[in-house]
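Paired with subunit B in one complex and with subunit C in the other, subunit A is shared by the two complexes that follow.
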Partner chain A sequence: MELLKIESTKQTPEIDFNNKTGVLLIRGRSMSENSFEFFKEVNLWIEEYLNSPVEETIVKIHLEYFNTSSSKCILEIFKKLKKINDIQDKNINIKWFYDEDDEEMMETGEDYQDITDLPFEILIANE
Partner chain B sequence: MSKQDLYFKEIENLQHSKSFLEEGKYTQNELKNEFKTLYDNYEDILGQIKIITRISDRLQRRLDKTNDKLNEKNTELQKTISELVKTRISRKATTIVFIVAIALFLIVEAVIEPYIESYTNFYTALFIKLLIALMIKPAEMLLEHSFMKRERKRKVNTNERKD
Partner chain C sequence: MISSSVKTHTISKENLILEVKGIFTSESILQSLEIAEKKLDILCENNSTKKKLFNILVESLQNLYHHAEPYNTENNHIKNVEILVWRNQFCYYIKTENYIRKENINSLRTQIETVNSLSKSELRDYYKFSLKNNSFSAKGGANLGLIDIARKSGEKLEYNFRNVNNDVSIFELKIKVQK
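And now, the complex of A and B:
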């Protein structure tokens, strides 16, 4: 299994998934009209990763903006990753970052936390 | 509906339920299982609707805020541009009036004054020079007013052409 690295563009986020460290990073903005197509590769990688995840998977998400279709894709990612919790001795933590003045993104993180029931940390981004 | 679709999974679930319903014959247990699947799918979709609606509303709020900020900045920019235009026009008017004043002064000194001195007295020459000096400011204001009027007219014409 290889690392998944996708550079960010004006419309798509940076993806940096590392199966060795278990750190999965999504950062930037996701406003592509065809977000399903973009996240397809991400979903395929996750499906493969679910076969042998590390002890603790950390998902870091720092999005400044995403459109409605991306919000569904992100939800799908969370649902897939939730399966890690069903594997013995494996767990997952979500670190949801938001910019200090971005109240909306903070609330969005809270919504995802409510609906997915995953362990979320909602944090102010320092960078 | 292709596998490329964002709602592929939901459509597939719906088609499965439709096919099951069309079969017509099912045992109590099969019915129960199918109902459970349907219930799970419904719960999943309800969750999705909830979150997508909330996110969408929040995005709209964010867009409204950004739009308000943009309008505010646009008003500020228009104000600054108007001030800049006014300053530019004022400077232009001052330059023109200053050049005209120097020209008039030279004319008075070289042409009119020797004539006045031959026929009238010193005070008349002084009065003419004072009159020129006093006319500088009103002339500048008049010129400025005229330039501003022309600028406004030009702006209206540009806007009409844009429309």
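And now, the complex of A and C:
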């Protein structure tokens, strides 16, 4: 299995998924009107990763902007990754970063925590 | 509250942020967003307001792209729309216009009225419920767009349907964001 690296664009986020370290990073803007298409490749990678996840998977998400169609895609990613916890009996942690003045993005993190019931840390980004 | 048309008032050049009229393509979304973002960088002092506005604009333009109907079936790939973004002393406004088939008016009206009837915390619950339970529609957004716009705006959505002919009307939507 290979690492998944996708460069960011004006409308799509940077993806840096590492199956060796178990760190999966999504960062930037996710606001393409066709986000479902963009996340197809990401979902395929995750499905393969689910066959042999590391002991502790850490998902780091830091989004500046995202649209509602991406919000559905990100929920699908969380649902898939939850299997690590439920079936594989290995750990998964979500680190949801938001910019200090971005209350909406903090609330979005809380909403996902509520919906997915995954272990979430909601943190101010210091970049 | 439905008025006979959604008022835009007179907009001076200094207060006009974006004006798009005519045929709308996926490239138009990108171009419009780029222009609007650059202008908001200059005009909007408050970063949080700027983010809200930009987010609402993204959703509005993508709603237009996915849901605008052609004026007639002979030109069924052509989507004519109108987008206006402007400000006054206290607020920013985004106004969009697109054709809608008459049979779709009632369901859209119900959606907007539902969103308008909810408080801030109810909207948040409704968003979570819809995100969790709605399946992905062919057009993508699973009806989350309007809820998201209303949440970010913090104001009631103003709208109107203007009769055009037996088949289509013009749907006007005006969104307000406090400075």
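As a working rule, the second predicted complex is superposed on the first by the 124 of 127 C-alpha atoms of A that agree within 3 Å, B and C clash if a C-alpha of one lies under 4 Å from a C-alpha of the other, contacts with A are read in each partner's own complex, and residues count from 1 in each chain.
Everything that follows uses one rule, which is that a residue touches a chain if its C-beta (ideal position, glycine included) is under 8 Å from a C-beta of that chain, and two chains touch if they have at least 3 such contacts.
Nothing here was measured: the structure is a model prediction, and the numbers come from that model.
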item: Clash or fit, subunit B versus subunit C on superposed subunit A; value: clash
item: First, second, both or neither for A:E104, with subunit B first and subunit C second; value: both
item: Partner chain(s) touched by A:E33 [first = subunit B, second = subunit C, both, neither]; value: second
item: Subunit B versus subunit C as contact partner of A:T68, first or second or both or neither; value: both
item: Partner chain(s) touched by A:Q11 [first = subunit B, second = subunit C, both, neither]; value: second
item: First (subunit B), second (subunit C), both or neither touched by A:E56; value: neither
item: On subunit A, positions contacted by subunit B and by subunit C; value: 35-36, 65, 67-69, 71-72, 75, 104, 107, 111, 115
item: Subunit A - residues contacting subunit B, complex; value: 35-37, 40, 65, 67-69, 71-73, 75, 104, 107-108, 111-112, 115
item: List of subunit B residues in touch with subunit A within their complex; value: 4-6, 47-48, 50-52, 54-56, 58-59, 61-62
item: Subunit A to subunit C touching residues, read off their complex; value: 10-11, 31, 33-36, 65, 67-69, 71-72, 75, 101-104, 107, 111, 114-115
item: Interfacial residue positions of subunit C with respect to subunit A in the complex; value: 26, 29-30, 34, 47-48, 51-52, 54-55, 58-59, 62, 65-66, 124, 127-128, 131-132, 136, 140-142, 144-145, 148, 151-152
